[in-house]
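Structures incoming, each one as structure tokens.
Across the two complexes that follow, chain A remains constant while its partner is chain B and subsequently chain C.
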Partner chain A sequence: MSAVAAKPQAGGAMNPTAMVVGVIMLLIILALCWYVSPGLGLMALIGIIIGGVLIGFGTHFVPVGGAPAAMGQAPGIATGVAMLAAGAGLAGLFGGAWAAGQGWVIATITGGVGGGLMMAITCMMVNFIYVFGMGIPSASGKVAKDPITGDTQAEFKSQGTEGHGLPFVSFVGGVTGGFLGGAGGTLIYLQLLSLYETKLPTLMGVPAAQVMPIAVAAAGIFAVGLFLVNAVLTAYNITGTIEGPHDPKFKRWPRAIVASAVASALCGFVAILIVAI
Partner chain B sequence: MSVKVEVIEGGIPHNKIMIAGLVGTLVCLYLTYLNVLTNTEVFAFFGGLAVVTALIWGSHTIKVLCSYGIGTGVPSAGMIAFGSGVMAMLLATKPIFGMAAPIVALVLAAIIGFILGYISNNILNMKIPAMVRALTEMAAVGALSLMGFAALITGGFTFAGLTTGTVNMLGMTVSSNQISFIGGGLIAVAFLLGAIAIQHPFNACLGPGWKQDRMLMLTAECGFLSMIVAAIMSFALISAGSAIISLIVAIVGWAYTYNQYICLSKRDAAAWLDAKPIPDMEGH
Partner chain C sequence: MVQIVFGIGITALAGALATIAGSAEDTESNIGSQGDPNSQVQLAPQMGFIHRIFNKAVAGEPPAYGLWCALGAGLAWAFMAMQMNPVLAIVLGCVLAALVQGVYATTAYLGRTASLAKFGQPVYVDILKSMTSVTMAHAFIAIFAVVTLCHLINGALGHPFPLPLLGLIWGIALGAAGSATGNPYYGKERQYQNQKFGAGVPISASGNIVRYAEAGERNSLDNGFFTHKIGGSASGVCFGLIVFLEIWRTILFENVSAGWGAIVVGILLILIFTVVDRYIEVWARRNYGPYTEAKVVS
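Right, the complex of A and B next:
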């Protein structure tokens, strides 16, 4: 069997039993968190779950092309989900972390803007290279007309390819995905930071000002870890590549919501346990 | 249902590599407790050896998983390994676990990895036979490698040791949280040093010409290369003598594995042209 035919055929079908098991796991983790750290810890965990779901949902918007896109045979940015989501999410996280002192609303939006900006620059430079460097127009292979501009796609698409370049809808999807991912990453960071700032001084027996570097670094590395876990799980959901919100694979997002919620709850719970026991 | 693209032909079976990697890593991590027994830091280099051993195990696990063609690229596997391992590792360093820290890290990471594997295989409908086991193993590898880096850089892996350092100020030694493995952000560097070293070997060696010994040698080379960087960072937190020992071990290991890797590459190559990097430009 050739390598092409052997690509995973993980279809769009839902597995209802597994979804129910996932929701039950989520409730169990929430109950455990309420048991070990009611109040602050539970609030932090809920924030982490919302952030994780935002990351998982946002990653579906990002036009990920993978290796075929690097050869101009498929639309999207020519790298994997993990790299793109990490780039956008970390750019957003750094942006949001600077604004952490301004309250969580401003910080989360700043994080979202940072992630969206990073994706906008990436998408623009990718299209620059596609159009002026490789000499190929932008055309989608999945839809006949661009859902936003209404431009027809078929006459620009080369034979034997699935489309190429970044059509307008993919660009918009990329920016939306970057915004959601950056905001989600920042939300996780803020929740962990406020929890650690409150709990670590008594735990370690040092003044609050001294504990700041530990709280910032631990919250930051956990936010990065959670971000990568959610991004890779979403990558598994779309089996590697997606064109953007108009791609049929986009309809698989409910699975990713459950998966991201359970994964974020699990990892977030372990991160909360560090200060709870 | 996906079909396996490549099969492992010959070579050491995965179970053997897993057991050897697991035992080797735990033994190396426990050997760093010699620092506590002898009240020095010279045995920090065992942390680096634990990293190399764990990475060898982890890169073979990535080979087992990614030979199913998961469609997301090999690097994502390295990222999820360390992303899920970092929390387990830090929770295991808490004082209540004491000497059992490496075992606790292993068990906790395995639980996280198992649930992530269930999520990917059933909720996300990946239906890859090796998925649950591979993600369980990789989370454990991620946690143990980070613990190894922590031991290499700070000389131990207690929560207090990772969060507190000392700084000389006007001739006085003051304890500081800024100069520490976590407070100084060294954990982020260790995270990516490990994540890149674990995914690169299979990413570089995959294909029809894949050979197990060549890939594992490249893993050891990447591991020692990461250890060199981590040993240089350890100058900030442990005594210079101990850091120099770690650095020498890392450089010797890297030079040996790099040479071996070049030999194995020459063995597997169709032809080998020893091109000069800078050609002689006569008459110019």
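Right, the complex of A and C next:
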């Protein structure tokens, strides 16, 4: 069937066959990992998959309006969704990596709070520039009332636009997305760091202290890479822009979860193979 | 105690460097017309509006600055490994990264503008010569500030990540914060100065950017001068706050209650910014009022 002849589908339509294929691919990769590196490697891969899913799900919360937002034509932050999510998540990863010595629970939450803090400051400054720099109040184009504050939106949309700025629900969405992204990125980093710390000294035949810089750098760069993979996948899922959790596009998250899990499993498996073979 | 005071000093210095970086990044991206507002610079000739605005959307600002800061940090790290003085190593690394930025800016301007030839948009050689060096200078300031703060975080505060990885992370965060805060001011307030103040640009006006200045045709240096005053400063404050508060809460509170101290302080900071944001939103609704009569919604 050609693209012209294909029936038009809503962007959010779920494809059950693709979802099942995705789950089967995920199970195959997990089985391969169990075969190559049972125990520590498999545990690391499960952690990586959970981290990747957190990033993919969290990116749906980040309110991004793309180019139209830069002209006050649409609500959201005026940049790319993957880029903003990456900025917040990596700021979280920075904090989480610093706290790695305090255990994975503390480090993961610290990473999440770092990502949430970055988004809170950014979202606040976005509203600051809209209100005090451009004299424009916030207004959503997707809902009549803000689901959290109950503020009506339609009368605050200027003529010929779909809304502008960040209504409160978008602010909360941004902080939530930053938290999930930062926590997910940190979790991936910690899993890989733990694996590399254990395996690299034997593999390279050097003392553990000597491999630490290599382990930290390799785990860090894989965490950054996995972050970008998952954020970009979500950007495709929401076709580039989203207002936040109140946007109808948010309902597309289940298929992004499956896609993120498969992509994270594949990338994580490659990261594990470095020390498993 | 001495360690904490030393940490606070480094944190303050890192915050100041981040503020400079944010401001320079936004001004560089506005002079070079990078980021989302560049869609209008690209669109204008297609709508019949020939202009003399620089046009160099190499990539989104976050990946572009991720590349340039990682490059600067990586080169500085390599020079330092060759026993070079850190100050000289960082300066040299950042000069080389700024040169790469200049190459990208040149090829992006020529390529993007040449693609608009069928709409009658000329390639202005004088624009290329006068704007590229200015964007490179601002890029150098931004990259230098980021690489220096990464060196402080790594060398003085003991963050485990190597310098190039810190450069990549903070370069992406810089681009994200700078584009989020600065883009609307350049995109709406400067490019569409001919539209009403206090309202978004109607979609029907897309492409009709302001092309004339007080004397002669407007160019991107005018845009940098204008946007720096609010957009650039706000971007600097945004990135400065992110870097300062992230390091500050870690340095002072990471050892309180086995790490929970930094988490609690981080959550409190988020709540404070939430209250400030809500205040700004409500203040705007009360003082600016609605554009139309409120409709009864179910």
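Basically, the second predicted complex is superposed on the first by the 267 of 277 C-alpha atoms of A that agree within 3 Å, B and C clash if a C-alpha of one lies under 4 Å from a C-alpha of the other, contacts with A are read in each partner's own complex, and residues count from 1 in each chain.
Assume contacts are C-beta pairs under 8 Å (C-beta built on N, C-alpha and C of every residue); 3 or more make two chains touch, one makes a residue touch a chain.
Predicted, not measured: the structure shown is a model, and the values here were computed from it.
When both complexes are overlaid on chain A, chain B and chain C end up clashing with each other.
When both complexes are overlaid on chain A, the residue A:Gly66 reaches chain B and chain C alike. Once the two structures are superposed, chain B and chain C can be ranked by residues of chain A touched, with C on top.
Of the two partner chains placed by the overlay, chain B and chain C both lie in contact with A:Gly220. Contacts of A:Gln210 after superposition: chain B is touched, whereas chain C is not reached. In the superposition on chain A, contact is made by A:Ala144 with chain C only, not with chain B. In the superposed model, A:Ala86 makes contact with both chain B and chain C. Aligning on the C-alpha atoms of chain A brings chain C into conflict with chain B at a single listed stretch, 117-125, out of 9-17, 27-35, 117-125 or 207-215.
Common to the chain B and chain C contact sets on chain A are residues 66, 80, 83, 86, 212-213, 217, 220-221, 224.
Put simply, chain C touches chain A in their complex at residues 35-37, 39-40, 60-63, 159-162, 165-166, 168-170, 172-173, 175-177, 179-189, 191-192, 197-206, 230-231, 234-235, 237-238, 241-242, 245-246, 249-250, 254, 258-260, 262-263, 266-267, 269-270, 273-274, 276-278, 280-281, 283-285, 288, 290-295, 297-298.
The touching residues of chain A, when paired with chain C in their complex, are 66-73, 77-80, 83-84, 86-88, 90-91, 93-95, 97-100, 102-103, 106-107, 109-110, 113-114, 116-118, 120-138, 144-145, 149, 151-152, 154-168, 171-172, 175, 212-213, 216-217, 220-221, 224.
Across the complex, chain A meets chain B through its residues 1, 3, 5-11, 13-15, 17-19, 21-22, 25, 66, 80-83, 86, 204, 206, 210-214, 217-218, 220-222, 224-229, 231-233, 235-237, 239-241, 255-256, 258-259, 262-263, 266-267, 270-271, 273-274, 277. Every residue of chain B that touches chain A in the complex is listed here, in rising order: 1-5, 68-73, 75-77, 79-80, 82-84, 86-88, 90-91, 94, 96, 108, 112, 115-116, 118-120, 122-128, 160, 163, 176-178, 180, 182-185, 187-188, 191.
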